[in-house]
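Given below, in the form of structure tokens, are the structures.
Two complexes are shown next, each including chain A; its partner changes from chain B in the first to chain C in the second.
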Partner chain A sequence: MSNIIIELKNVSKTFTGGNNVVDNISLKIKKGEFVTLLGPSGCGKTTTLRMIAGFELPTSGDIFLNGKSIINTPPHLRPVNTVFQKYALFPNYNVFDNIAFGLKIKSKRTLTEKKAELKKTSGELRESVKSQIAEFKTGSKQEIIKKVKLALKMVGLSDYEKRDVNSLSGGQQQRVAIARALVNEPEVLLLDEPLGALDLKLRKEMQLELKEMHKKLGITFIYVTHDQEEALTMSDTIVVMKDGVIQQVGTPTDTYNEPINAFVANFIGESNIFDGVMLEDKSVRFDNTVFECTDIGFKKNEKVDVVIRPEDIYLMDVANSNAHVRGKIISSIFKGVHYEMSVLSENKCEYLVQDTTRWDVGEEVGIFVKPFDIHIMKKPYTSNIFEGVIEEDGKVNFGGGIFDADTSGFAAGENVWVKVSLNAVDVIDDKDRGTTGGEVTTILFKGTHYHIDIKCGNFIYHVNTDVQWDDYDQVGIVIKPESIKLFKGAEK
Partner chain B sequence: MKFKMKRSYLAMPYAVYLTLLVFVPMLFIVYYAFISDKTGGFTFSNIIRALSSSESIGTFFYSILYGALTTVICFVIGYPVAYILSQKKFKMNKIIVVLFIIPMWVNFLIRTLALKSIFYSMGITLGKGTALFGMVYDFLPFMILPIYTTLLKVDKNLIEASEDLGADPRTVLFKTILPLSVPGIISGALMVFMPSISTYAITDTLSGGKFQLLGSLINRSYFNNMGFSSALAIVMLLLIFLSMLISYRFTDKEELKGGGLW
Partner chain C sequence: MVTPNDIVVKKKTSSGLDFYKKRKLARYIGNSYVYIILGIIYLPIILIIIYSFSSGPGFSNFSFSMSNITELFTASTSDSRRMITALEHTLFVGIISSLLATLLGTVGAIGIFGMRKKSRNILLNASNVPIFNADIIIALSLMLFFTALSIPKNAQTVILAHTAVTMPYVMLSVLPRLKQMNMSVYEAALDLGATPLFAIAKIIVPEVLPGMISGFVLAFTLSIDDFVIAEYTRSNSYETLSTYIYTQAAGKEGLSGALKPLSALIFLTVLAILIAYNIRKNLKTKNLQLKK
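Then we have the complex of A and B:
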């Protein structure tokens, strides 16, 4: 017997308008696991959850529950229940009726089945079926009351049965919503940012309570959140998503300590992310300095992302000969447990440092990093590559726009590969003045500059820029003709 | 003395309008209801006659019956229409809503007369059935619109929650959508019931004189017995007041208030 309860196989979802919200994801979820889908808004985590619940149909791919495809099963027949972000309690019912809703429907369904059976049977057997029905009627009513009371007790709301749901506080409503889902004993409980509307203290309390419930009930939980701390606290497994693609699947410890790429490192916890070059095994250069590290197996001079957690950077006296680089404190904030400081190195690279010792703004310091605290990651991309087509002499169509480029050697109508370096894309703040335009989706600070992703329809531009843009900024894209490199060999 | 503008002064025109055209005539009606037509003195006979004569009791009965019938028929026809219109999947909904509103641009008396000629040309004899048809025809939009607006406001999350908890489409409709649209249903029912018990233009035109509702009786008796007619008008007013009171009890819950049109 396999212990996989939910399996997603190459699932994609495209909404009308051509937006690829979920892009070919595959995922296996074990029975009894607490899995968290984690990612920034718009990464496809909620859509994934809604596809498991049955509210959205995948455009392609398949979803299995206990090995059987449930793609064609409507939501009301799936043995999963959802806790909605905005509770979605029925305002016309009191607490008891809200929680009993699912149970009543189930008992009514059994009753209709039994009555149908009664119609078919005849003679002596009729009486026994009849008494069965009568027995079921009284029995199920008692059972429902018992189950609802138990569910209310579990969420700590005993004696709230008769209360109007609107008279409850946000936290209490959320508890009712959880009880309403759990009382049906689903095989999988889906939770869509259930604590998003609660204040911080209550949220932390509920996190622990949910974790406790999960342990007690042994039901599989699939939890959606954009809060990395929540994910780290509660989950057995974290699935980090971005732009509809799974970035990393792993335990909280693994995703924190061994992030697979710069995005995950930045999203889970705070990080310093620098552009570096791998000189040879165990030797990397960034901030114009060669550091010793522990990573091997990269190509000589391969461009990499270097990730260092702020708590892994040590500040020391500027005269200390062990220091790797020297710099000046440019900000220092007390955060309770530690000080959070920014250090600008001699080569104008900014380091985020957390230390329990206080350094004042303006002080000169030495920076030291232990080799195994330097995490080297392969760059997912080192330039922008698009498929394009030559429109006419001097014009090439790619990435959602028609750009001027040197097309000598190519014929009109020819398909080409287009390569644009990360530094060659100019971002302007007027979307309509750009050759193409889109929305800023990801922002990484890389010590000396920002790395941003711009989503233009279904195309994503990766850009290095000195300007600090914000999430959801609408920007235009301009590329100098000489920076557009064309290559032959693209397929139709 | 300097005139100082206050916000409450803005209500003045309406207050004057209300006093002159609603409140004062109402006083007249109350006054006439207690004045004998013959002697000009104070009397209870008008009220007693309005409440006890077989003619008025029969008319009350018919008015409530036909008002209720019209309301029920309008609901049975109107709810599905409003439901279909409120579905996002249905792309024609804006057009259909307009199609339902367009007849209201035509004066309802003209619509009723047009209906009458249609009945004539089809060889249908006028009677209770045709009057009922006319009432449903004229008041249907008043049922559809408030239900439609409430259905549009129903939280889609609640429908999904209902499905999630095991409700098949039928159960979702009866256990979730229908209860949540009660405020719209009540406004719709009131907006159909109130004019249909008091209408006289439709019943007079389309019943062929075969039966009359409260409105017709008040209209007819006004010319020979103003006191009786006024007493009937007061009773009808109380009837409408009562139906509003009952409906208000259903919309007692905070979150259900403000649904529909009022």
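Then we have the complex of A and C:
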């Protein structure tokens, strides 16, 4: 257990206004690991990082560094350093002074400690302490210069000491910011989307450089990004987050090959996600076709999400008897190494396929998938469940609105469970005309329809819809009274 | 199709010529309007400068004499000695109160900036009230306040009053600089081991310094300008320049002749500072352009 450097235990963060940004996350980070917190914007990854750095205090939970709680340690006393998103270089200092900032403070602190020691000691010992102080003064100055030069060399900016930081390019500024953090030899380096402001080519270069630095220094890196490719390239471990909750922790290969749910599958790499039904062990039905797969242990007829990576789908001649389904190419785009094609099957289900062989739009093809390449995932939910309360006869309050519903058998003021199927929620584009309304947060294409999440305050509606909504669309929610199912048993 | 020639022909009509004549006249009137306003502003000042070289306190019968100017620098009469003391008081109160206002205003601005939006707005509006409030109300309430707490009225009361009144102006000139700042710079300083106080002194203050300087200048000029608040919060023996002039003008003896060269001198000093400041600013922008 001693190789765990940072541990988060049931950490939550709620900002004023009741917005739950980080929701009860627990995470262990090993010494020397390159960990990436990955997720879409607003998933709580930056807040998590800021809590480790000490800029935000968790609402509840505890954070440990080397087994000791650091919750009550202010940021300037934590042995971690941060590389900020927008560099955050000190504009009134030159490159050297920027990098030397932390070292100078540290040497000043030791100096005051030594002076305090001098006050305590008396007699002959005094002289030796005095000479120690003098030695330290000249020594630390030399050492700071040496360390800064070394740090600059590491980020490839030797001879830039005297330059004004405002005259540097974005990439150079970020290198200075990295050097400024690394020069303090922190136990943990926190990086908050450090490459976000750079152009693609420079970003790729810096990714490899950072990876190289991590290997050389052996420091623990905690990296925050929304770029899944960046996460896959650099990390030892990826932590996928969504809505303040950790979805999956694993190596890049594991998270890519064995995504735990549809969100992770969609977020990391491109994928085909279909609604399926597990018929029995090693047999799944989707797109009205029974496929052989390798997964076992599901209930009979359990509803599942099926993931197939686009590079794992094989296209063949339409007459080939091995084909599982047949379809027609509806789009074909050349992507350099491969062609990216959409195939619409006979049952009107859309497949995304990457193949090095070109098929033309309109061509009839057969689709074949190997059992090993079909990945089955448990559905995290199969319907919307809310806690609600009967307002009056025919009205029930749940999920941020008061809905008409059949309340026979329930008394006013009674607490109930409310169940609404994913298909029963109607989405309208006027937020104010809905019974309740919110923002579209997650969008998954499921071959035949879209699956979206709508965040209404603290409630999340999961919806199947044929309409293509965009992220952040403000939408209203309407539910037909007959689709609202009420159950007894909810407690206050 | 309309050719360019058609357009030229249209312009050559007689009404077009009238139009140009009218425009010329309008421009003429517009220019003279500016000159009239400039004249109204500067004529009295020019008059003061000219009559500094005339004998006596008044503005009638110009007769060249250096007597007023020598009086200003030698202060031979008790009257002009009183005036010089009042000037010293004005400068003393101005410098001390605007230094205090700059210090408190900057700290206040940083504090308010770090607050949550709701409490920030409340405090910001509360601190802006003195700007909109009538001077006489502030002066009166301060006077009653000092009497109630039995603080003896003297230099310190004037300084306190001026600090309170000018502080919001400092805050208003520092806040925009803070808003421009990338606040993660402060967090970066903490992250590198700086204590919050050290981070503010070394990172935030250099960034807001221009705002602090302009706030100081504003507070200083407001303090020097002020008559109402000083009149209500001073003791009878503690005179500032403005209260001295007021009592003298109302009194039997009338104004000291040395006041004219003094006013001229103050005006010329301000003018010199303004010109120097503008020259420096121009040089700076030129340097910046060269750098780029």
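What we mean here is this: the second predicted complex is superposed on the first by the 491 of 492 C-alpha atoms of A that agree within 3 Å, B and C clash if a C-alpha of one lies under 4 Å from a C-alpha of the other, contacts with A are read in each partner's own complex, and residues count from 1 in each chain.
Simple rule for what comes next: a contact is a pair of C-beta atoms (placed from the backbone, for glycine too) under 8 Å apart; a residue touches a chain by one contact, two chains touch by 3 or more.
It should be emphasised that the depicted structure is a prediction, and the values quoted were computed from it without experimental measurement.
With chain A as the common reference, chain B cannot sit beside chain C without a clash. Once chain A of one complex is fitted onto chain A of the other, the partner contacts of A:102 extend to both chain B and chain C. Within the superposed three-chain model, A:16 lies in touch with chain C and out of touch with chain B [touch as defined at top]. Of the two partner chains placed by superposition, A:330 touches none, neither chain B nor chain C. Residues 53-55, 74-77, 80-82, 84, 86, 88-92, 101-102, 105-106, 109, 180-181, 184 of chain A lie at the contact with chain B in one complex and at the contact with chain C in the other. Residues 16, 53-55, 74-77, 80-82, 84-86, 88-92, 101-102, 105-106, 109, 167, 180-181, 184 of chain A are the ones touching chain C in the complex. Of all residues in chain C, those touching chain A in their complex are 116, 182, 184-185, 187-196, 198-199, 203, 206-207, 291. Residue ranges of chain A in contact with chain B, taken from their complex: 53-55, 74-77, 80-82, 84, 86, 88-92, 101-102, 105-106, 109, 164, 166, 180-181, 184.
Residues of chain B that touch chain A in their complex: 155, 157-158, 160-168, 171-172, 175-176, 179-180, 182, 253-256.
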